[in-house]
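Please go over the structures that come below.
You will see two complexes here that share chain A, one where it goes with chain B and one where it goes with chain C.
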Partner chain A sequence: MLTTKKDRKYLWLLVAPALIIILVAQAYPLMYSLVVSFREWALATSDVPLGFTLDNYAKALTNPNFLYSCKISLQFMVRTIIIELVCGFSLAYLFIGSSKIIKLCRTVVLIPMSIASVVCGNMWRIFFDTNTGMVNLMLSAVGIQGPNWLGDPNWAMTAAIISSIWQYVSFSFLIYTASMTSIPDDLIEAAKIDGATRLGIIRKIFIPMTMPATLLILIFRIIDSFFVFDQIYTLTFGGPGTSTQVVSMYIYNQGLKYYNISYASACAWVVMILAFFICGLLLQFKKRVENSF
Partner chain B sequence: MKRISWLALLVCIMMIVTSCGTSNPPAQTPSSDAPVSGAPAEGETPAPSAEKMTVTYMQSGINDEAAKALAAKFKEEHGVEVEVVAFPWDVLRQNNTTDILSGNHQYSVMSGGAYLVDIFSHMTPLTSYIEKDGFGEGLIPGLMDKTNYYEGEVIGIPYNLDAYGIVYRKDLFEEYGIALPTTWAEFYDCLEQLKAKLPPEIAPYAFAGGAPEQVGNLFLARYAGYYINSDGNYEIEEEKAAKAIEDIIKTYSYGPNNISSLSIDQANALFLQGNAAMTECWPSFLYGAATDPSQSSVVGKWGIAPYPTDGGVPFLSCWNMFIPKEIEDTDTAWQWVKEFASEENALDFFLDYNMAPIYSSVYTSPEVVEKFGEGAFDGHMQNVANAFDFPMSGEGQDIICRIVGDALVGKITSAQAAAQINQNLSSLTVTPQVLELAARDPRFIQK
Partner chain C sequence: MNEKKFSAYQIFRWLIILLAVALVVLPILFLFFTSVKPQSELYNNPKILPTQFLWDNYKSIFTFESLNSGILFYLKNTIIVALVSTLITVAFGSMCAYGLSRLRKGKLIAIITAVIVVVRFYPKITVILPYFLLMKNLHLLDTLSAIIISHISIGIPLTVMMMTTFYNEVPKEMEEASRVDGASVLTTYFRVVVPTTLSGMAATAILMVMTSWNEFLLASGLASNHAKTFPIVIAGFVTDKGTDWGGMAALSIVAMVPMVLIVLFTQKYLIRGLTAGAVKG
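Right, the complex of A and B next:
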């Protein structure tokens, strides 16, 4: 549909309020942080940004603590996403249908997504208590001695992953449900008539047909999980020691606790570029997959 | 589409240029020589000129509630409406600093402590106000030496005082014939005796190992070396630091199996419920509940022991009120500060809100003795006398907390931790404010 000049004027007017908010609340602070990242500004030594320097980026790329926190974030992201994809897909497949029970089950699965991350983190902090927490009580009921979830560096990350999966598997489930609903029934019927097993149908029909959904989930969850902060902060405070100090906590500490403002800005831009790069690759792949359909 | 892309690029460039131009916050850094609204002349009671002011406190149900109670009286007496805003500790620190950095200056009085050292230069020197009004009579001896200074001038007025201490079960120590420790060797001997004699459901020791920032307090109490070398850079003595970390690991071994994940509330609850014989903590977080039978099963059975003095120092928590230089009415702000930290209000604030007093008279008053028992705070006062602020910036403290935390959970050895601490500290700069803070105890700086 061709739009006239008058139409375009109205379109711009309608979009203008949202655009202004985005420019003021997002774009300007982003540009400001980019500028600050190339200057010297630490509250301990100066109240104002000074000069021009690449030292902040050099420090970020060589600082073992920053690189370590990136590694922790990547580990968290990869483990969380893989399990969320598998669980979300499985739950969506399990709850295919339109009966009342199926609909009820779908609603229950979606509830965790509506809980605030801070609440979720606090809730799981109580659940993971070594002596009185629900998790260890359930494990002891089946004869397993639960670990010191939040005090053992080997288990603290696992605890964080479990709490994140519990909350966000609903998102994968939702996207997969929508995607699976759109798979034509006659395709599945035809496969059954041709003698395909259930596993074969999943492998040859469901997985390929939900690939765009998988990529969409990946894009959203890569950004969410890589930049997780509130859940980790309330669950483990980044501890024990530095075991769960994800990159967002590191940047938060640098910028808002120690007021190494320009260094924190540089770190934030480095991780943002990394996340954009990964998402960019996924978007390219998603386009290719969609074109092949 | 091409036109939109060019438009977006143009907007980005304009933003970058604008960002470069706004490198100065609205308020310039005040020179320490700049004249401030000095104290009124002798004998003159200044009439408040502000109609309203905002004061900040930590959200704790203690200082903030006491401030709200005073705000009502302050309005009646002075006609000034005081808005008390309270935030959790981390947020309070951020908001205070941002208020100064952004030039907003919406807070006339700020609560804080040594961790605000980076913005000390923005606070009003209060020495002349103190001298004019004779503030400080009856304070715990030596307290004004522990408050916050900048270039030799007092900038912070204390109002809530605590020192990290050992809270212990008096009844169990008496029952088992265990003497209070005076050295760190005796401290571990106490723990060993408790371990041998206590029933299995009572741990000898409890601690908030799951609160990373508390770990630094254990280190400060045990580490007997310096924090700043003779060149004026951060450095710790690795051998002594490794020993201190080993000592903390040893202390942890007397705690419950989840000691490294306990929050402050959980660790305190263990003691209050009678499931731990000893804890290291902020006594002010405990003693309110410890005297209430509905919250504690150790009423009348607890005491505060002085820290051994053959190691480091107890961590001082001295909440101060600061008055930023750039606010409109410094005199009204000072009036609030004076009244909030006054001896008249101290007893009521202690009894009603558990706000730890800064006046010696309060600890020995009949009402406090009746509530807490005779001599309940003797050990605490010894800790206060020996206590100091961490002689480092917040970042330095966090480095110690995190790396010691790694050693406590076995990720690295104590020797590796000591080396890593120095490695990390070497990238920090010791500011003049931190140097001034550290210089108050000769142990903190290498000779």
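Right, the complex of A and C next:
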């Protein structure tokens, strides 16, 4: 299509409003936090940022509490994502079909995605109550003495993972479903004629053909679950002790509770760079996978 | 595959489907039960199913004193924020997506695209403090405008990424025909491209309403009182007497219902929007 100089001017006009909003309301705060992370600033001692320093980063990389919260976040991320991928994939496969009832069931399974994460956290907080919660009532109905989910450091993380999975399996389910419907039927038919078993077809066709979807889910969920906040905030608020103090909770406490502004910013940038690095690698991998088809 | 093996698989398949549906529906149902149970069945002698339905919790959250003028005030906030930010986001975001997709080449375009992707994905916890300071300097703290601006700035990258995939599907011939007839780029966009991508815009709008309705982190940093939206009220709902499960459950149900209805009635658009670009990358 011919694009003259005048056309380009008009097109830039379309881009401008959104660009201005992003620059003012996102890029500026983001850069501000980067700048602050290199300054000396705790609200307890000063109202304005002081001189340049690298101490915040040195402190972040050696602070055992910060490193511990990174470890907790990493554990949380790996566990939730593995379960989400496996459940999402299996459900999407089992839900293949076009009957009315299947379609209805599919919609129902998508519901948790529409619920606010704070609501979801609250809901599970009610259910995980030791004496009055639904989870322990059900367990005791079948003769099992349920643990003190949110009060016991050994169980709080499990509770957080369950609540997160309940909400986000629907996302991987949705992406896998979309990906599986684009697999050509002839391919599956041909494999069946060649005598392939169901498991064989899953392994040789479904898993490789949905690889771009898997990578897409990973890219989205790695960042979201590593920096999980809303659910933890309402479910456990990082407790008991620091047993569920994920990275976001740690940064939140440092920044908004103790007002160690520059230190909190430095912590945020350390983990953010790490997360983007992982996602960048995945993106490269995704491109290669897509080109190989 | 023989017939017997086939039916065994079907039984297994339907069992899992039923289990999945139950795992989604039952917690929501239990939450509802919690909100209507009498106090005695909630704490002293907890039961799974309520023996009678009481609507006291709903009555009290609609008139609750510590919630300012009751929940309606915050409901109004949430609706205003969701609608205004969705409207602006979808309008500006789509325009931007079209501009970027048709400008195509150039280093600057690549940089802008990269910025949009980064802004879409980076964890918002990083900017909660700068955001607070920014809004303080603009004298917008605890106003709906501050929350609307923050939601627009979250929503635009989302919209740009989604709408780009829809604009790439518009047949070139359509735009070329319009240009040959003498229409400018802008006329072509508003008269030809926008009407053919309305369903994409609807999908984006639905997703944006949900995002804004549920957004917690930035709004909680900006709204201390008058501008609170639903998620902030819910997260802060812990009374002095301890935790009021019944009231909390009722509040959660009220917040949840509109979004669940949106999923049920607009799922086609929603699914299209969420999976835009998921398959083709």
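Assume the second predicted complex is superposed on the first by the 291 of 293 C-alpha atoms of A that agree within 3 Å, B and C clash if a C-alpha of one lies under 4 Å from a C-alpha of the other, contacts with A are read in each partner's own complex, and residues count from 1 in each chain.
Here is the rule we go by: contacts are C-beta pairs under 8 Å (C-beta built on N, C-alpha and C of every residue); 3 or more make two chains touch, one makes a residue touch a chain.
This structure is a prediction, so every number in the text was calculated from the model and none was measured.
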Chain B versus chain C as contact partner of A:Y68, first or second or both or neither: neither
Partner chain in contact with A:N131 - chain B first, chain C second, else both or neither: both
Which of chain B and chain C A:P153 touches, first, second, both or neither: first
Comparison of chain B and chain C by chain A residues contacted: C
A:G239 touches, of chain B and chain C: first, second, both or neither? first
First (chain B), second (chain C), both or neither touched by A:Y258: first
Contacts of A:L110 with chain B and chain C, given as first, second, both or neither: second
First (chain B), second (chain C), both or neither touched by A:P49: first
Touched partner set for A:Y32, first chain B, second chain C, both or neither: both
Chain A positions touched by chain B in one structure and by chain C in the second: 27-28, 32, 36, 129, 131, 256
Residue numbers on chain A that touch chain B, as the complex places them: 23, 27-28, 31-32, 34-36, 39, 43-45, 47-49, 65, 125, 128-131, 148-153, 236-243, 245, 253, 256-260
Of all residues in chain C, those that touch chain A in their complex: 1, 9, 13, 16-17, 20-21, 23-25, 27-28, 30-31, 34, 42-43, 46-48, 92-93, 95-96, 98-100, 102-103, 112, 115-116, 118-119, 121-123, 125-131, 133-134, 149-150, 152-154, 156-157, 160, 172, 175-176, 179, 184-186, 189, 210, 213-214, 216-217, 221, 230-231, 234-235, 237, 245, 248-249, 252, 255-256, 259-260, 262-264, 267, 270-271, 274-275, 278-279, 281
Chain B residues touching chain A - in the complex, by the definition given at the top: 11-12, 15-16, 18-20, 22-25, 29, 90, 93-94, 97, 101, 118-119, 209-212, 256-263, 266, 393-395, 398, 402-403, 405-411, 424, 429, 431
Residue numbers on chain A that touch chain C, as the complex places them: 1-3, 7-8, 10-15, 17-19, 21-22, 24-30, 32-33, 36, 90-91, 94-95, 102, 105, 107-119, 122-124, 126-127, 129, 131-132, 134, 137-138, 141, 166, 170, 174-175, 178-179, 182, 192, 198, 212-213, 216, 219-220, 223, 226-227, 229-230, 233-234, 248, 251-252, 255-256, 261, 264-265, 268-269, 271-272, 275-276, 279, 286-287, 290
